[in-house]
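A, B, C and D label the chains in the order they appear, each numbered from 1.
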Amino acid sequence: MKVLVFAASLRKASLNRKLAALTASLLERDPSLQIDHADYRDFEMPLYDGDLEESSGLPSGSREFISRIQQAGAIVISTPEYNGSIPGTLKNALDWASRAKPNPLDKKPVLLLGASPGALGAIRGLWHTRVPLEALGAFVYPQMHGLSKAHEAFDDAGQLRDSKDAEQLMKLLQTFVQFANATNSTGK
Amino acid sequence: MKVLVFAASLRKASLNRKLAALTASLLERDPSLQIDHADYRDFEMPLYDGDLEESSGLPSGSREFISRIQQAGAIVISTPEYNGSIPGTLKNALDWASRAKPNPLDKKPVLLLGASPGALGAIRGLWHTRVPLEALGAFVYPQMHGLSKAHEAFDDAGQLRDSKDAEQLMKLLQTFVQFANATNSTGK
Amino acid sequence: MKVLVFAASLRKASLNRKLAALTASLLERDPSLQIDHADYRDFEMPLYDGDLEESSGLPSGSREFISRIQQAGAIVISTPEYNGSIPGTLKNALDWASRAKPNPLDKKPVLLLGASPGALGAIRGLWHTRVPLEALGAFVYPQMHGLSKAHEAFDDAGQLRDSKDAEQLMKLLQTFVQFANATNSTGK
Amino acid sequence: MKVLVFAASLRKASLNRKLAALTASLLERDPSLQIDHADYRDFEMPLYDGDLEESSGLPSGSREFISRIQQAGAIVISTPEYNGSIPGTLKNALDWASRAKPNPLDKKPVLLLGASPGALGAIRGLWHTRVPLEALGAFVYPQMHGLSKAHEAFDDAGQLRDSKDAEQLMKLLQTFVQFANATNSTGK
């Protein structure tokens, strides 16, 4: 199974990029998986505009995003929380993706992670990030992982300092991969 | 697989009871399924009270609810929307159930249906009903079915008058059963 | 202005009872306010049942709840979070209250507080508690106060040990009272 | 009081543009109000990028949006629903606006409207649009107006064909203006 992993942040020093990179490296330990660790900048696209869509079709960054989703058997997104909810950039990417036919997110297993310097670990935002994904038919894994105080959480090698956090993340990734394999087995 | 089906309404003439009854009869056509069509009154229980729990443990209606969840491989709930959200009665049943160890809803496939006399078909409420179920680890199917104008939707035999509605429901039940079988195959 | 203050928990040693008691005492410092510090047990009522409503009307605990809401110019609720959302008991009380005519919560200013022993301070649940209140037309104050690690937060006199927490709460109460006075001035 | 009115859609033939235009004209009947009927294209801005913000500050479309919010005593937004939630474009505008100091949305009265060709009138999306606005401290009016089957709702003069719909909207605008005047009277 191919797993698409990306951080929904354009900022280079983003804590979510660190969490996505760690996640990709943890998943790579499983020889049955191929990891597509994407750079969010590969998916740069304009703000959704129905007139632009009508005149020019889906923009290239959006087509790239859709193609990478289609090729993946599962998706892991590490996303910041902006103002208690999903970042506009991520919602915009989903809005464009929802215009493809067939809908690439239908029945796609998705795991949500979030890193934040605060005490809440982006967890409020993750709950609102579920909504459009589930509206599009994605199988969003119920458990999520919000990494709080993320600016202090990583060592220089990009590993989590707290071994309990690291174990929780590893366990979550393993159970999510089982879930993704099972749901993919049903055909679509 | 055993499927627990119930309407989250105590009212005898509830439209959700009709939708649950129809759903149970549709699922019974599949010989691989055993249908546990429960009466919500079997699960009568007091309002959650931590002192009561400490002195007397879980009340009998709650223990019955938990036991029926444990025995089921999948759950279908037809629920009204009260004030834009989950009915207090259903949330109360989930709050008591969440006190059992191990948590009976963890990794349990759940499908949400809703009937309403209005134009929105209880769909706003269903989105808020997902939240505590997913917080408890349930695999809530992303697609849901809100039956609008439900007071006019059923014929005297309890079937849906609109054949398109009936087909949509049948199709949703079939894809949910596939999903439930797949996710149950992973072990827990 | 009369302010109704209560904790949405039946448990005697509830951390939310402590937070409600502290809140009531802080509000009492303002001579322009009359504080109705209610015991949630005054509002005991059965689970919502449309048949019961039809045969017997609103139960007495519900009528008491509605009456106390009607007499108040503002409401402060300190509520736990159960399973990431509103407690079933509180939702049930709102469901019964919504059956009164006229709707007692319409245009009523409400402030939500929450205490929790965890790190998140019940804040996820507070966001879902807003929904039925706003669906009923209440003016739910946007800022809320989630008291995290609440089991360590109070001293023996029921005051907050952390002076920063105490100041934040005091400031929030003051701005909420201004908001409530202003919105009540418009007539209804 | 100045009221900022805009549709959160870039599409020229957007049903939400029609609803915003009608709303602006209805509000103009009140001589105590000045209506700033904005074109969403005035607020064009890139996707939020923390690195861009650090190197270049807030983009000009965002500064324009913030300035128009600051000058307004109240805001009316007519917004489509994309995938059951807030459009990415609107969330992106809010994400940039939230970076201004002081936060221009704090204590700002906001009314949400939505037009949709479907039966649900964008109402699910409006509930999720409340969240970031309330997280930013805005006083989002509890009642909202979802215009269903909006492609058939307007006559050639841009008025609503259904007089009941028209009255509901007019009444909502009037009560919102009262609310906005009252909350603005408290000072900030």
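The working rule: a residue touches a chain if its C-beta (ideal position, glycine included) is under 8 Å from a C-beta of that chain, and two chains touch if they have at least 3 such contacts.
Everything quoted here is computed from the prediction, not taken from an experiment.
Colleague: Identify the chain pair with more contacting C-beta pairs: B-C or C-D.
Modeller: Answer by contact count: B-C.
Colleague: Specify the chain most distant from subunit C by Cα centroid.
Modeller: Centre of mass proxy via C-alpha means gives A as farthest from subunit C.
Colleague: Please report how many Å separate the Cα centroid of subunit C from that of subunit D, as a whole number.
Modeller: Computed value for the inter-centroid distance: 29 Å.
Colleague: Using CA atom averages as chain centres, what separation in Å is found between subunit A and subunit C?
Modeller: About 37 Å separates the centre of subunit A from that of subunit C.
Colleague: Which residues of subunit B are in contact with two or more other chains?
Modeller: 84, 127, 131, 134-136
Colleague: What does subunit C use to touch subunit D in their complex?
Modeller: Per the stated touch rule, the residues are 127, 130-131, 133-140, 142-143, 178-179, 181-183, 185-186.
Colleague: Spell out the residues on subunit A that touch subunit C in their complex, using ranges where they run on.
Modeller: It comes out as residues 84, 119-120, 123-124, 127, 148.
Colleague: Hey, which residues of subunit A end up touching subunit D in the complex?
Modeller: Within the complex, subunit A touches subunit D at residues 9-12, 14, 44, 47-52, 82-95, 98, 128, 131-132, 134-136.
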